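Note that the chains are named A, B and C in the order they appear, and that numbering of residues resets to 1 at the start of each chain.
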Amino acid sequence: MTMTQKTYSDLPAVVRLPLYGFAAVILALLIVPLAAALPIAFNAEPWFRYPLSGFSWRWFEQLLSSPLWRSAVVNSLIIAATTTVLATALGTLAAVALVNPRFRYRNAVMALAISPMVVPVVVLGLGLFICFSPLGLNYTYLGVVLAHTVLATPFVVVTVTATLTRFDFRLMQAAANLGAGKVMAFRTVMLPIISPGVAAGAVFAFAASFDEVVMVLFIAGPDQRTLPKQMFTGLREQLDPTIIAAAGLMIVLTGLLLAVLRFSTKKR
Amino acid sequence: MRMKTAQADKAALDRGTVVRGCAVGAARGERMQAMRSALPALPLLVFLSCFLVLPLIFIFHTAISDREIADNLPETVAALQDWNGDGTPPPEVYAIFLGEIGKANERATLRQLGRRMGYQLDRGMNLIQKAGGVARSGAATDAAAARTALTDIDPAYAAPGIWTIVKQHGSPYSTFYLGWAAGFQTKLDKDGRPSMETGYDFRLFYLRTILISLAVTALTLVVGYPLAYVIATSRGWVGGLMLFCILLPFWTSLLVRTMSWIVVLQTNGVLNGVLTGIGAVTEPVTWLYTRTATILVMFQIQLPFTVLPMLGVMRAIPPSHVRAARSLGAGPIRAHFNVYFPQAVPGIAAGGLLTFVLCLGFYLTPALVGGASDQMISYFIARFTNEELNWGLASALSTLLVVGAGVCALPFARLISRHSSERK
Amino acid sequence: MMTMRYRGRACLSLMFAMMLGAGAPALAAELKVVSWGGALQEAQAKVFFDGFSKETGTKVTQDSWSGELAKLRAMVDSGNVVWDVVDMDPQTAAAACEQGLLERIGDDAAFKNAGLVDGALTDCAVGTSTYATILAFQKDAFPTAPASVVDIFDTKAFPGKRAFRKSPVDTLEIALLADGVAPGEIYKTLETQEGIDRAFKKLDTIKADIVWWEAGAQPAQLLKSGEVKMAVAWNGRIADANAKENADLGIAWKNQIRGFDMWVIPVGTKNAALAKDFVSYTIKPEVNAELSKFIAYGPTVEAASALVDKALLDSLPSAPSNSDGALAQDGGFWGANGDALNARFASWVAQ
């Protein structure tokens, strides 16, 4: 029975096999460039080419010892961490309202909340640059954090909203019946249950800020030079494998966060 | 009697109030609750109003602001209203102009005025700086002397060009920057005729942006459709692995992915290594800093954005539909295109639209792997903001980009959402 | 539970403290010096920055730029000048001086009496080293090596991609030299509309083969990675790549364009006095001569020339064997005409 069903739904082998081959090639196209680039970080000479002239940790050392790169890493961590806190708080709260059927304008607010994903970053960067100019927020940490929060919040909103649609709102009613105020119920009942979603949103927000370069080009001054900014400058001006070492660091860091997230949600 | 009626009236009134009050109370309670339900979204709303909506409004405002002449030369503008534009204005205008230049010099706004003049007039900055020098020297004591001093220091002051510009831009708002961004000839020579100096051709850059975006969208659709189909119909670990490959790029930054392509596409890079290795080419091919590289890398970056919406729709298509068509005698290909494909169209349209709109705003990728003639409109926005500090023009370019993208996207988005709600 | 919450709060406040702390100005005497990055700045750091720090106890912090005047203009316009001393080429210095962005330090007695070579002291700028724009090439790319900078226009004898700096400065001069204009006539020709058209017409002939670079370290990278076969470059950067990274690149010196790295002090900096001390320090003969040890740029002080290691002299722009057909960059010309030529060049490049 299943056999006959399959023959009906599937394409014939002459079509199917090339199709699968094609899919495999395209998927490889998504992965291979990264796989080809990363080993350059271990090249002994400063050129971006194969074969490697020898194995060396030199570029990773450079990444952590050169004052320019090290301060870039530190700046990125400070900015991404602060952005994560802000974006997660704003996004999670908003998500609570966005899944409430009583909230009449939730479609419009949802559209607004995710619009930073579609508006060209360069346009946003220019707008914030003009806005920040009289406020003296350009070339400050706060300015960069605010700009990154605009970009990072949609990730939190989308992730937490998705989690909340599976949340049983009768639990909140139960908490209220037991005398808990709204804030208390949110903190002690809802938050622990949706925390995996919030954590996932936070990781997205962190990654969004940690990767971001265009806003930094507009808003940041020399003191807020972040890792992606340093990489961008390097790619345009002085290619050396430290850039790839930095890329490796970025991949490892987001990967690590993801793994921690998966591990902790699995344990639950 | 009157008392009685009054009492009855009052009672009736009271009753009415109570009844009405109840209704009002219930409605108010409802509204209160609706408002309370919106409360948690308030911080984000305030935040986005300040840092998303307001900046966009500021951009539009900057695009139509044109303050320098209005702020620095108001009296000159007023004095020029009687001048008919032929030849040169009367000497009194020169004196007023010189006086205002002197004031601008003291306020340190002379350079801004000069830059604004330079946007529209050949050597405009230079002319204003020279006038600043004359004003500082204090040599011109009366109108005739002012006129002589200015025309002596630069013959452009004896030509109508500069005076035409001053006369026309006395209002703090104008369409000057929007016209410039839309590719109209804005620059004049000293006689007020269109300048020989060719500036940026923004129409070309908008056209380029649209063409590159269209090419990338078409590529992702053609390649993404079969790919999404394969993933949607695969089960088990193969499907999981494929999905992982699509999602992985979401976790790696745009910058890192663009960087990896630089390593691959370099002249001594991996791709040329492979190509010469298998004997496909004898001389290394130049890939980097070309249009081909720009489109290829943008395609790779955008593919997941096109595939995922398609995947969502395709997964919801019941396999029984195709089976039914097959059992009714349709061949596999025909069954696919007559039954499966039409149902996948909303996903295809959504994926395509998303990719097209995102492509319009691309900056990083063309900047890093494209050549000087592959830069899209975002590059020029960034350039005019950060390098040339011409915020008016950058804002006008942004306004046209956002409005254009919105005009392109909205009808489509409507159509898609109507389509998908019909399906539900 | 309580301690957890307090720890969370402490964490937050720490974060904000870091944000604020990092944004606040430092208390100790600090000088922000901006140069062109890469090998040049490394050399300057060793000789000038470290030396000045040791002598005066001033902390020198560094930033780098690629000659984009807009950054400086934005600082001066907003009244928030964070750069104290900037390394500029003559044309940028002249343009910035013209626009009123720089302190007019040229009249200071300390600089006037320092014995600087001709052209190394202008209204706003003090030269600290001499560099040359030369032609660098891959040694194994061509059967006969290019002999002159203008050979970059000869696509028959030297086919392949070639790199220019994305700037009209030097580029237009080289185009006219290649078109047969004598070195002494270059700037006279460029002052006419026909001369400018002629330069762009010459550039049109090789435009399709040009890769543009923006930062000084790029040419060596482009050559070594095989992206281009020849590149207009600054001599010190090529010599550095050869010495430190075994790049094995050739240099054609004929028709080199000579310029100065010049210190300027932005108008409105709070550390102007300290900045002047720093500039004076770098033109002490014994300090000025030291730079050539770390990068192949020559001194700008007469008295320093004698102190330069004899072994190094041949690799410097001023060596007689390198000076055939040399042209001195005319900062004054670019200061007056830079705006218009930059605009035309930028739109020509982007077409």
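Criterion: a residue touches a chain if its C-beta (ideal position, glycine included) is under 8 Å from a C-beta of that chain, and two chains touch if they have at least 3 such contacts.
Quick caveat: nothing in here was measured; it's all calculated off a predicted structure.
Relative to subunit A, the most remote chain by averaged C-alpha coordinates is C. The chain occupying the central position, as judged from C-alpha centroids, is B. With centres defined as mean CA coordinates, subunit C is found 38 Å away from subunit A. A straight line joining the Cα centres of subunit A and subunit B is 23 Å long.
Touching of two or more other chains is recorded for residues 48-49, 236, 239 of subunit A.
Touching two or more other chains at once are residues 266, 268-269, 386 of subunit B.
In subunit C, the positions touching at least two other chains are 225-226. Residues of subunit A that touch subunit C in their complex: 45-49, 78, 81-82, 85, 133, 136, 139-142, 145, 221-223, 236-239. Those residues of subunit C that touch subunit B in the complex are listed here as 68, 70-71, 73-74, 77, 98-100, 161, 166, 193, 211-212, 225-227, 336, 339-340, 343-344, 346-347, 349-351. Taken in their complex, subunit B has these residues touching subunit A: 33-34, 37-45, 47-48, 51-56, 58-59, 62, 223, 226-227, 229-231, 233, 242, 245-246, 248-249, 251-264, 266, 268-270, 273, 300, 303-304, 319, 322-323, 326-327, 332-333, 336, 354, 357-358, 360-361, 363-364, 367-368, 378, 381-382, 385-386, 391, 394-395, 398, 401-402, 405. Residues of subunit B touching subunit C in their complex: 111-112, 118, 122-123, 125-126, 129, 196-201, 204-205, 266-269, 284, 286, 288-289, 371-373, 375, 380, 386-389.
Listed in rising order, the residues of subunit C touching subunit A in the complex are 12, 15-16, 18-19, 22-23, 37-38, 63, 66, 78, 80, 82, 214-215, 217-218, 221, 224-226, 245-246.
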